[in-house]
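Both of the next two complexes hold chain A, though its partner changes from chain B to chain C.
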Partner chain A sequence: MALIEIRNMVKSYEGLLVLDGVDLFLEAGKSYAITGKSGSGKSTLLHVASLLDKPDSGEYFLDGKEITEEDYRSDTLLSRTRLFRFGFVFQDNFLIGDYTALDNVVVPLALQGIPKTDAEALAREALDAVGLRERMRHKPAELSTGEKQRVSICRALVSAPDVIFADEPTGALDEENAAVVEEMLLSLSRDGGRTLVLVTHDADFAMMCDNVYRIQSKKLVRIK
Partner chain B sequence: MPYIFRTAFRYLLSKEKGVRKTTVYIVLGITAALASFLTILALMRAMRGGNLKAIREIQSFDIVLKDSSLTPLEIEGIPGVVKAFHFKDYDVLFSKGESPFLIDEPSSFIPGRIRAIDVSAYRSSDEIDFAMISPSVQGKPSGGFGGFIPSFALSSALYLYSGEETEVMFLKEGRTRLATPFFVRFTPSGFYRSTYPDFDSRYAFIGLDTAEELLGENNFDIGILCAGGYKNADKVSKAISSMDPGCSTTTFIQANKTLYSALMLESRVIYSFLFLVSLVVLLQLKSATSRIISIKRKDAGILRVLGFNRRRVRAVFVLYGMIMLVFSEILAVAISFLICANVDSVFRLMDFFFSMFGRRLFLSSMALEMNVSWTETLVTCVLTMIFGFLFILSGCRTVFRRDPVRVVMDASY
Partner chain C sequence: MEFLKFYIRHALSAKRRFALCFFIVVLCFTLVVATLVFSSSMMRGMEAKIVHLSSGHLSVKANSSAVRDALSSADEEIASSGLFPRKGRMVGEEPYEIYSVVDGYAMLYSKEGSAAFSVKGVSDRYLEDRGEYIDCIFMQDEDVKSDASKAYSLNVQNSGVDGTTSRDLPVKRVVISKSTSENLKLKIGDRMALLAANPSGRAAVRPDVAVVYGIYTSYFSEIDDNIVFVPSEYADILFPGDKSKRVEIVIRDCTYNRMSLLKDILRRDFAVSDYMESNSGIWRTLTSSNQAIVLILLLIIVVSSYSTTSATQQIFFEEQKTLGIFRMLGANRPVLRRAMLFLVLSVDAASCFAGVAAGLPLGVALPYIIKKFGLMGDSTGMYLLDFKPFVPVRGIILLFVAQIAISALFVLFGLKSVFSEAGKDDMIRP
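And now, the complex of A and B:
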């Protein structure tokens, strides 16, 4: 059974049809790359797949259970799914400016109701693992772009989600930092058994994934 | 829930330029408005109290009953009546009688009043003495109530020495009262003193028996003091009217309609002003919350992505607004208490300030007893919290009409 299954999904963005009849089948522990031209609908597909956005039509199944219109409206199930099962990494790292690196990583744990001391211990461990032990007390404005992205990845991983959605995670990084981030993300599905859904322009990075799709003429075409 | 609190507190202490500035301005604005609100309420109460007290000195009873067949004892049996007693006020002209000491004293008439009172009503208890007529009347005359007791100020105005007679010209009741005066000579059996100049300079007291004996009075009025004061007079008045339909009752408010209306008008004007102040505070709160959310929209979007549902994100900002409100309320209450405790200094400062512009307000010459009422403060704070909550919620709803998660999504395109 697929972890996430999207069938015949149609989605418009600001009145423009972006995706038309897209099917996507995501299995646990695999990595998926979605590529395509700018404006082809990669991010839109990621947002729908990660339950941030609602498709215009089509079906969405999570663990074989359909996400209904009511689920989209009430937002409770969607928020809980994002909180407990999904992790997000964006090109613009989207860290909270008032918080230190440590506090940013603590956020998803705190939202899950994990006691502060335990949450901080887990966050410290995660930041330590990506070489940010000395930068834990720094705020995002005091970190480099690469460091911010590593904090962002820590935040996505610290609550051990089933699926990581990464939207152009290396887009704003230099070659060296990009390589570090690529390795961190790919090892998640390779060694960690997590599902990785990656949106990227970088063909080499995409080809390192188990499955590669390309959005072409509003449809999803499998390349690998 | 605790995380919502923590996030709200974080935002409150945020060093982000726009947020900090807005937070400080809102807190200062609400504090100033609420402190003014509470201080104005206290000032209004003090001024009103002063005015009412002054009126009540002249017409001290909550109800005056005329032409009634009821006795004071029967009236005291009515629920809500504290005390009832016979009395009668006479318009008189005072003048000094012949003096054995001085022959060149000025001879003049001073218009005033004599109040005949039911002495036994005051003598029934050691605790209730002369002060029962008016709390401001001090001392108990040595010669008892039976005689003639002018005020000390009136005696001074008449150049009255101890043991000297006062000539009193009574203006007899009736439509032609001015045409039928008659004179009675009294030797004071004591003096009284009052802190209220109007009362002090115009009134003298005689006993009811004296009034009966010397003036042939047989139709006394009944003065009634009600539990809770003049505010409950209407209820008691109705009860009396149902017991004795032929009598005429005049409540304190009816007797002092003009002054009371002026006070009511003043209250309405001030309450309208305070209502507008409250409205400004609430609108400021709403717009400030909206402004903060607009600044923090991206953070709200991040929280949404990370798993906060719409309600929890809104709760963070509602809490943020409420914490500001509570903090402002605490500051405002403290400031208003400080102002009231040091009202003389504040008035002196205001007098000095306005005198620089050629305006003389003489605020510091007012002897006001200003106290912030706890009930008033509590009601104001609770109402501010309730309406504040609604306005903050409305501010949040306006801004969150578009889900903040879109900020994150739009940035990805």
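And now, the complex of A and C:
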């Protein structure tokens, strides 16, 4: 049984058809790369898969159970799923500027109701693991792009999610930092047993994943 | 709860963005509270003067012994009402004072002019008991004694004013207001003519001559311009017969319910009116003034709320990106709604408290400031500034609740438009 299953998904923006009849099956512990030209709908597919957006039509199954219209409307199930089972890494990292690196990583733990002391201990551990122990009291403006991305990855991983969704995670990084981030993400599914769903322009990075897809003519085509 | 604590802790640490909101609310609330204290104190002061100098809380067309008997016979009913607890009262002490009064109208004539007045015949005790509401200078006062120009020479048993008692004073004496003395150019010791109208409205045949015995100021023009006081025995001469006699009842710690109870009891046997009915013209004017003040206060509240909501909107828009990130990470709408609401209301409540703390002393000090710096210009304006400060606790609580409620409504309304269906929620999709 697939962890996440999307069937015949159609999505438009402002009357422009972006995705037309896309099927996607995500199994636990595997890595998936989605490639395609700019504007082909890669990020749209990722947003729908990660429950950040709602398809115009089609079916979405999580652990075999369908996400219904009511679920989308009430948002309760979707929020809980994003909070407890999904992690997010974006090119823009989306760190909160007023918070320190430590506080940014604590956010999902606080949302889960974990007490302050425990949450900060977990966050420190996560930042330490990516070599940012000395930088945890710094705010995002005081961090380099690579450091910010590592904080973003810590935030995504700190609550041990089942699925990591990463949209162009190395897009803004130099070669060296990109390589570090790539290895961190790939090891999550390879060694950590998590599902990784990756959107990337980088063909080499994509080919390192277990499964590679390409969006062509509004449809998803399997490459690997 | 953990997230709420986390969010508030971090939000408030970014002090600058809340400083403007805090400042605006403090400023507006200070003005509102100061205005409320000032206007409430002034209204209560005027009300007290009407009660104590014009008609009492209740005015009864009867003599005092009949009224006392009626109230005594209803003692049990009064006690069982629970409105007049015995605690705090000495044995035999009643929760009200009864004063006999003789009323009438008269024209007063001096060398310089004339005017019509309501003449009130009262006992010596009457003006003494009202020292809190009225400033009086009498003929036997030390500063008057020392000034020979204020000496009088009419029907006096003793040649000088030293050691005078009320028995030695002329019966035909009048206490006029300071404004009347200025208008008619009369001073203490001067003689004047008094032409009384009997209860049927017809004037007396001959004017009476009386001496100005005292000058008073109540700092309320409605009283000063219209009332003169005479001894009750002189009033009996001017206005003979029972039709002019009445009783004033002043209730200690008066409340509307207490007044209503006594009025209902007395109405069984007598014609009774309360102070609002007895002074309907003045009362209407005061009510209109009160309504005008309430409108001004409401205007200030609206401005304050608009300022608060604008400042809150500013905070909200600044927080929108952060809220979007929280939503992405899995925060549901109720959690964020609670967090935003708590944040805005905390800042609002803190600023309201600060506004109250600043507004209360300002409201109390305002009359002194106005008087000290002569901000009202001429002396007639000063008439309205003699009152004890009164803090309308219920009114302040009501304003506080209104302010918080309006802010809460804005936050909830603002968030509602943002937290739409998941598919249309631009805040989540990066």
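Quick notes
By definition in this document, the second predicted complex is superposed on the first by the 224 of 224 C-alpha atoms of A that agree within 3 Å, B and C clash if a C-alpha of one lies under 4 Å from a C-alpha of the other, contacts with A are read in each partner's own complex, and residues count from 1 in each chain.
Just so it is clear, contacts are C-beta pairs under 8 Å (C-beta built on N, C-alpha and C of every residue); 3 or more make two chains touch, one makes a residue touch a chain.
Here the structure is a predicted model, which means the values were calculated and not measured.
With both complexes brought onto chain A, simultaneous placement of chain B and chain C is prevented by a clash. Once the two complexes are overlaid on the shared chain, A:53 sits against chain B and chain C alike. With both structures placed on the common chain, the touch criterion links A:111 to chain B and to chain C.
Legend: residue contacts after superposition of the two complexes on their common chain; A:2 is shown touching neither chain B nor chain C.
Once the two complexes are overlaid on the shared chain, A:13 sits against chain B while remaining clear of chain C. When the two complexes are overlaid on their common chain A, residue A:94 makes contact with chain B and with chain C alike.
Residue contacts after overlaying the shared chain place A:73 against chain C, while chain B stays out of touching range. On chain A, the surface patch touched by chain B in one complex and by chain C in the other comprises residues 47, 52-53, 75-76, 78-80, 82-84, 88, 90, 92, 94, 96, 98-99, 107-108, 110-111, 155, 167.
Chain contact summary for the complex, chain A toward chain C: residues 47, 51-54, 72-73, 75-76, 78-84, 86, 88, 90, 92, 94, 96, 98-99, 103, 106-108, 110-111, 113-116, 119, 155, 167. Within the complex formed with chain A, the chain C residues making contact are 1-3, 5-7, 10, 13-14, 322, 325-333, 335, 421-423, 428-430. On chain B, the positions that touch chain A within their shared complex are 3, 6, 10-11, 14-16, 298-299, 301-310, 312, 405, 408-409, 411-413. Within the complex, the chain A residues that touch chain B are 13, 39, 43-44, 46-47, 52-53, 75-76, 78-80, 82-84, 88, 90-92, 94-99, 107-108, 110-112, 155, 167-168.
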